């Protein structure tokens, strides 16, 4: 760890102001980044982390403040400016072109050339090599949109790594990665750090923060709350600084267990028999009981999302059956599933969840309205009330319920989408990575909702890449591997290591 | 931690000033302003432009003319707005206009019997039946488009291109390429009659507009159409019947075009399958965009489209009235479209403000 | 013997007149026992060229076509000549340096039609010597040959007469709807000033007549209406006294064309230019002529 | 395993284009069976000769559509080009090379102008290019209402030269069009400009975030389209030897249809420039079939064109089902 007193910061932001219509996103925010350090930016959802990064990288122009890079004042006007200054960025919402191939997404803008032509073959080889460094082995010639979000995230990271830069910025790169991949990423980051690169890292995971960072800047309400050496700040203190008020001493660490509801009845809400789809999912038998949380664990690409999509009718199963309340059903579209009281929160918020230019209120009531039918419009007053209630209950940070959801911070969007389904009062709620990009406190809250909802009789299918989270809330856990279910365990039968063994195909020890 | 002092007041003052002129930021302000400017030019350049008089018990004057002429365009633009809101486009409206007008004219038909120089009119089919058949034909066209777009998932522009080409062919087939003249007085009421001193066509437009607006506001249709237009994938996952919605908007658009066809036919007392509604689709799309609706789908404004249609018709009328030589018509139209749309862009406002500051 | 094969490329089906033209040609071909290969160009010259090329490829005996526009025919006609296929023009002439590229032209003279309309008006003016005649003109589609020629012919004749003056001129695209719309605007801006309406075709005149009536004036009396083509609708209007005169432009050239084609293929000498018999029909003769009209 | 390979095959991005080619061949085969003489070499070559200008326009349009835009002005720019060519050659007696250079430049400038307006004022391409369409068409009439015949020897030579090819002949115009196509395919796939066009069409915001020069790309795309329209105008002048304000009415729709039939998505980002060729050939074949039939009246011609388009599009769609992302 560099000695901050002697080394000059490679990057310094000071007094940054940024105002959006109705929101002061940044108020005198700042940041110092030293060469050869991993610096974590922390703060609650909507604290202004992403905005600060966007100001730094020329996406937004600040209303005031200064940015200094290697001793020189800079005013990046566009992302090209920032890139040419040596700032390489992975943004929070994956910003790649879905129509281009994986390799192209990594190299676009700086293609390897031969004879003044783009060297496609060389590019694919290099891309494969880069991804191999992150232990991703995929067909780099296939379009990016063929791959799930996690892979896209890895591609975005690979792209950033490929750029010769002094400063590397990663805005929540780990939100859709699993533990193993996070570790991989970290080892890459460490080696870059050792080469003298300054790395800015945004995350909501305390574990990860402590695992990798040297220093931490905490942001609160658009301000810089403070800058700390990692070793000098305890977890509780960190959380308190983020939240702004001392929280109860209850540990918020994901490693600690919360008490789950565990009042699962015996009546099956949903049961599948050999539900399958060719090339995507092998026959799966699942049973979800009333009032229970069924966790789905597994590695990336193990078929969890596919299972969820089949259950929800988002994709059509080509064999097997779904039984709800003892009657067999086929779901050709989500409409059918919703009619049976199923809700589904997708993992891909930007493309499958939020309808960006509609307001928070409109996004929130959408599913409920869809279920009621087009003609029976929910009265405006009632819409407002619903929106107000949920915004308050889930603590969504938004200027008003009429602001477009696209202007909310990532975590807050997620809360609104959760509310969209809660408003329909479903019998079974499928949550695919619901806590992605959500701050510690909100995460805790969401987990609490999940358990309390179950107490009220709702069943939940819970998918998350964070094993501890799955272990903590689930009454039962189904582990998936290679697109099929390979084991079912009750609460307490498994701990983190044993799950990992199952996932790896070694069985419970 | 060094913190730069920042004078927050200077940043806030203009914002406060802006609050008072909030109507300037209303999305409809700029289309309306463009129309107003156009009318103002007319006021100075064309004597008696705003003059209205009562003739034969109804209002008569340039303004009445403009709204009367704009009626088919306004109807087409209403339907087109919804199609565009779902990210679609319908270039077959002109053909549908021709088709519905032809069906009505052929069914009503009639012959002129001249008795001592006094013409008498006879209809072939009862008028309500003929009108129903014409609208039915339009609905069929819409269903066809809807099927191709929502069912077969063809790209809207090619899907409707098929009907654009074939629809007019069908209309010509029915009439053998002849202009079908209608000799039946009651039919003329639709496109040429007056009620309470105002053109009947205006009431039709108003009725369709109000029904559409109510449908959008009082039911969830408006919300759903926007949702489908902005993010079809997310909309489907939220439980919307996206295909049904898309099917509906094409049917609705064709119905509007069908009604427009009836007005056109009734107004010139004949159905001209060759030329009725020719290029109306372009004007309708132009009206929608001038009204501030994006062709990328999503948010839409029905009122905006109405204003857009009025801008186009006022412009056409102005060109005719000012005595612009016909060979310059297009250039004038182009320049005005450029000016109006540039003046509507946010960037223009910035430039303007910077100059003013 | 094998029946004669004629390739005919029509402009399109943009008006009643054109449809009558097509019908006449088809009927005449059937009657004459000629196999007709008909291609519709949808108002586009390039489609006509394509059609002619495909006729050449099919080795038809004779090619006939109504050119969309006068210019631009050299190359394809040369190809036809190289393939030894005689070409007959109908309805409009073409502008080629080498006149041997086509054997004959059969059709109307648009400039002459404009002149005739103007001459009728001059006659009318002589009968009312005191009056000043303010004319509004409804032109055809901007740039189209009939529009240009009918305008020029008309202007040529009235040029010397100070009593006749064109005060407004605007395109009505040859359609009823546009004719009506433009006339409405004219009536608003010129009002009672207008004495004469000259329309380049009957359809626009019919539309304009409606506008005049709606403005509370009497077409044919308050405003004299002169138009060209001589379609049925014009005769009906004349019978009601709403239209004063229509100059005939006959589309019925089918029989003459077929005769010509047979002569050409048989190797008989044919005149380079065949003009169609056309009349001028003032309102007085409308009722008598009406039953004879075919289109 | 073969099933999996089949799936991969059907999922390949070029599959739709392949389907188009397959359907085109089928259509020609059926046509050849029905109308003897249709499959003769010269008829096939005529397909190229007669549609050379459309091909060039469609190439330019491909770029615009791939970038997520649309250009409605191309037909009018073509007409304006023929008009300026004719006027400069006949009335101002300029040398042909200078004329061609000037009109190509003007075309590119006209396109760039529209692109700049679209980019800087953040306006919708549809509306801007629609205004451009009116403007260019209107400017034609300002040059001359009448058509002007071109008698310049170079143009006449280009028009009447028949380059022998396998016993038939092709026109220089057709070769120029094919060369343009080849160049465009190269640009689309091997130049960074071409790839930037795809990126902008895929997701403009992301392209911006990835540091691509979105504005420059967009302006260049419209400049390219304007250039292609002007080049098509020059080819058209060769073809018709005349300048005329009513030339090529509605060509923009043909070009869009050709591009879309060739497998390019109107929403941008997906498709191939080479698809423009198959699209143009499909439209040309439909017309040729109708001309060979020779019994259709004007309205049946329209109905049959519509029906053939329908059959073509639906079959294309059904064959490539399951993969298209709309």
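Observations, loosely collected:
The first chain written gets the first letter, and so on, giving A, B, C and D; residue counts start at 1 in each chain.
Just so we're on the same page, a contact is a pair of C-beta atoms (placed from the backbone, for glycine too) under 8 Å apart; a residue touches a chain by one contact, two chains touch by 3 or more.
For reference, the UniProt names are A = Sugar ABC transporter ATP-binding protein; B = ABC transporter permease; D = Sugar ABC transporter permease YjfF.
This structure is a prediction, so every number in the text was calculated from the model and none was measured.
For the pairs A-B and B-D, the larger set of C-beta contacts lies at B-D.
In this assembly, the C-alpha centroid of chain A lies 44 Å from the C-alpha centroid of chain B (ABC transporter permease).
In this assembly, the C-alpha centroid of chain B (ABC transporter permease) lies 30 Å from the C-alpha centroid of chain D. Once the centre of each chain is set as its mean CA position, chain A and chain C turn out to be 72 Å apart.
Rounded to a whole number, the gap between the C-alpha centres of chain C and chain D is 34 angstrom. Chain contacts: chain C has residues 13, 19, 22, 142-143 touching two or more partner chains. Not a single residue position of chain A touches two or more of the other chains.
Residue positions of chain B (ABC transporter permease) touching 2 or more other chains: 172, 177, 327, 329.
By the contact rule set out at the top, the touching chain pairs are A-B, A-D, B-C, B-D, C-D.
Listing the residues of chain D that touch chain C in their complex gives 37, 40, 42-43, 46, 49-50, 53, 140-141, 145-149, 151, 156, 159-160, 236, 239-250, 284, 287-288, 290-292, 294-299, 301-302. By the touch criterion given at the top, residues 7, 10, 12-13, 19, 22, 26, 36-40, 42-47, 49-51, 53-55, 57-59, 68-72, 74-75, 78, 95, 97, 141-144, 148 of chain C touch chain D in their complex. Residues 117, 120-124, 126-128, 130-135, 137-139, 141-142, 145, 253, 256-257, 260-261, 265-267, 297-303, 305-307, 309-310, 313-314, 317-318, 324, 326 of chain D touch chain B (ABC transporter permease) in their complex.
Within the complex formed with chain C, the chain B (ABC transporter permease) residues making contact are 46-48, 55-56, 60-62, 65, 69, 112, 114, 117, 119, 172, 176-179, 181, 192, 264, 267-270, 272, 274-276, 278, 316-317, 320-321, 323-327, 329. Residues of chain B (ABC transporter permease) that touch chain A in their complex: 1-6, 8, 11, 218-221, 223-224, 226-227, 230-231, 233-241, 298-299.
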